[in-house]
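The data blocks that follow each hold one structure.
Two complexes, one shared chain (chain A), two partners (chain B, chain C).
The block that comes next holds the complex of A and B.
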């Protein structure tokens, strides 16, 4: 018969306010974004939604910081059993699975449009009513024209892959090298090596984001390449934009790991948090390699 | 054509090694051993090789800028 001794102790925290704060933060973020987009559509210059979104972001930032701090504190107090550790490991697995499916969907959309839809509309197979809807359509990629150029102007020109995108590829690849050096530092028990290379990785990550912001500004203001510039602009910004969001998440993860490393939280045989963040950074780098190859270089 | 095949193979190798590193990360759970760190080192080496081959392909003219972004409307 089962008794208390049969099972490991499973720590359950009590009376936490953090889930309520998280709910409020998520609500404000979504409500603020919706409000802001509606005001943008209506042509309003200033929207109260921006402030609501900011409040939601700050609430979420505070909640996540407090939550992670609490989890780290509980871990250091050794309140977690092996079963709890396994729960975190599996949580990481499902998170990565969702990330793979997320990017799989966007890459899938890109391949589907480029390999099939562009030709179908151009007359391969049954063209159907497309000739009536889009007279004079020429199947090509990148598809810079749109069916209604007045309402949705197409891009005038496109970004040269061998300048800013190449710089970003080198930046991200170099950051993967430096995070690997930091990884080896942690495994050798060399804290200075860990901190130095990790700080450099974060600097490369921030540099990547600055270059991407500059690239977007260039695309919008000089090339007419916008999110509304037909399927080409849409797939470009959806893929690279969400990738940029993931670089931001990865950079934040690494900043947290740097803080923990400086506090001496890691040892060669207890560093799952760092290894998971490091792996995530490599994942983001591989996604970028896919973008660089399939979106920029091997296209058409 | 063979250059593009090499590039795609190297990209797939990146995915395979990254997946292997994820497996060792989950199994080892941050405990002793450098399996994950070594696999990630291999991963980034493959990525550097891939980028070097792309650069060589462009430099030698075997890899044209055939697609996106470089066209004018």
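The block that comes next holds the complex of A and C.
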């Protein structure tokens, strides 16, 4: 133990088995998925990739669980200084920034297609010859009739933003407020308040996912709106799908935080895990506002 | 803000590394991980280099003689991918791991376990990428820029593994960059203000920011490919309302900042070496910082200069032309500052300085050919010719790669405690210098004369220059075995290095003993006079 008390201690673990298992886990996951997708596209019924993916997923899940448990345990042993806390705060913030840029790529694709491509394929803007490929094509958004309906069948109609998407908007916006109430619960040292509001937030998250699943079902079975329906279906499902995946991850984070709250892990000055999960939750909320505006309202 | 390292062991206090292979697998130490990155990078450099020599062998004379055109395409693709993602980027991450904590007076990287994870993803990712060479249908064959629809509709099945390899090496880069940023922002010793940081630390801070900003865009790009290939989406298919040009926009929005990711840390290295051997402080420290930040900002708004001939509106071409030319201003500031640092200095020409001076001259040549390519009407002539190949090899090989070699010679005595053999180092430099110029300078001429890139055969009038280029490539390639020999020899022994190593060196890393102890600063340093700025 360093004895000089004028310095804060910065904890550096001597070595760790966790990262190599995580490396093996992530490798098996993508290697298995790759085989699975190639076999699927080649029309094979069974793929050895499924088993590799399963092994990878289990390794990854087990390793991440151990990793987070280890960090929580070290925190409880009071190995972490305030400086270490700041490292985690910075790291989470930059991670969320990377997520913003990931969504930026898909939003950018949507804007580019809407602003330029749809018109250009139709020969708008002195690009006359480009409309000779598909004479029957009309440039409009949402692009329900694709240039080549034989390859990409198109959709019957877009989703009405003012029904299910509006419900989902209200659900997510409310959940951002309730997660803040839960945070107040920690700051006031009121565990029941924390648990109550956090449980409600999780309920909103799960409700959101159910509505989303129902909407997808509706789109596939009744509207003919699918991944295969051309660029409108493509951008719609990729943007809302990745968002839904992030809501799922966020909900899992909050469920872990609920478990930790019940064990009494959080105190007013030691609750970074909760705060990180709530930042992530606010982030998926903001992405949703972008989706609601650009994909649903302006997109239909 | 201060820090000391703390050991938590129930048994003996470990102060040094473990024994055996598990030391390297389980390590959380920034120096061990830096070493792993650097060796990995060197192995990839040789692997990608062998592929380059396959290419140059085929191009030694006109006609098809050594490889099938299909395999030639796989070689150009894999050579580019391995050199960019496997050699240059990990080399700089290795340097960052070794140097950033020592330069800012930190005990280690901020997130040591994640540091290990960032590294150990890479061998798996590149093993998977290289395994595509043995798959049915062959390895990716669409060029390292993997334009759709070559990489979607017409790609071999191995493209799926290429996509996932890019995904996980992107995850590795993002985690590595988060670690660098957090270390720099949070673990500086007391008194090490931002404007006192060595330029290598500054350039890495900005590089890491660029990486976190654009690696997710690359992930989005390959995800779109994956969906188009396997799930029937139409991002890059006009029949469904998408656009192959969309691919190029998304790719180059990543790709252009990526170019600066591979050169900004090189600027940092050169800004450390030139003052040492000119025995003067760096000229214009603050302007160097601002120039680096300006280059980083501009990198986000110039991407379509890679796409002038693809059919974008004339207003777009004009905008991207002028924006691109703006980059010459901060880059010019840097070159001016390096030259002004040398002006009236007491110069000596040890191996790191030779590489650094060669960097300044040859990188500037690459910069000038970049300016030529930025001019829209001229680019219509140069596009996809060997002139482009000459341009980016001049900024990447005597640019980035020379800076890594300069850094290795400069800091190797600090890392190993031994001096390298100066005569051998200089021999390595001159062989590399001659080899590089023989290889890439003739490419300017054949490119301007119209020789297209990525084609295994060529017209007879290009034969002489191609023969020279191939000879140069073999000279440069085999010279690197000498580099390997010098480094191993230095690790095993040699004249003992002093702590300062170079009489003109400044910076906290030179206040540590040589070799640097396993844990850098067990108590934060206080002598900030050593700092730059």
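Quick notes on this one:
Basically, the second predicted complex is superposed on the first by the 273 of 300 C-alpha atoms of A that agree within 3 Å, B and C clash if a C-alpha of one lies under 4 Å from a C-alpha of the other, contacts with A are read in each partner's own complex, and residues count from 1 in each chain.
One rule holds for everything that comes next: a residue touches a chain if its C-beta (ideal position, glycine included) is under 8 Å from a C-beta of that chain, and two chains touch if they have at least 3 such contacts.
Since this is a predicted model, take the numbers as computed values, not measurements.
In the overlay built on the shared chain, the residue A:22 is in contact with chain C alone; chain B does not reach it. Of the two partner chains placed by superposition, A:197 touches none, neither chain B nor chain C.
In the superposition on chain A, A:282 makes contact with chain B only, not with chain C.
In the superposed pair of complexes, A:80 makes contact with neither chain B nor chain C. One of chain B and chain C touches more residues of chain A, and that partner is C. Of the two partner chains placed by superposition, only chain B is touched by A:270; chain C is not.
In the superposition on chain A, A:232 makes contact with both chain B and chain C. Of the two partner chains placed around the shared chain by superposition, neither chain B nor chain C is touched by A:216.
Once the two complexes are laid over each other on the shared chain, residue contacts for A:31 go to chain C alone; chain B is not touched.
Comparing the two complexes, residues 232 of chain A contact chain B in one case and chain C in the other. Across the complex, chain B is touched by residues 85, 89, 92-93, 96, 141-142, 144-145, 154-162, 165, 169-170, 173, 176-177, 180, 183-184, 187, 232, 236, 268-276, 278-279, 282-283, 285-286, 289-290, 293, 295-300 of chain A. Chain C meets chain A in the complex at residues 1-9, 14, 18, 22-23, 25-29, 106-108, 110-114, 116-117, 120-121, 124-125, 128, 157, 160-161, 163-165, 167-168, 171, 174, 177-179, 181-182, 185-187, 212-217, 219-221, 223-224, 226-227, 229-235, 237-243, 245-246, 249-250, 253, 313, 519, 522-524.
Those residues of chain B that touch chain A in the complex are listed here as 4, 7, 11, 14-15, 18, 21-22, 25-26, 29-32, 34, 36-37, 40-41, 43-44, 47-48, 50-51, 54, 58, 63, 65-73.
For chain A in complex with chain C, the residues that touch the partner chain are 1-2, 4, 6-20, 22-24, 26-27, 30-31, 33-34, 37-38, 40-42, 67, 79, 81, 83, 86-87, 90-91, 94-95, 97-99, 101-102, 104-106, 108-109, 112-113, 116-118, 120-121, 125, 133-134, 143, 146-148, 151-152, 227-234, 237-238.
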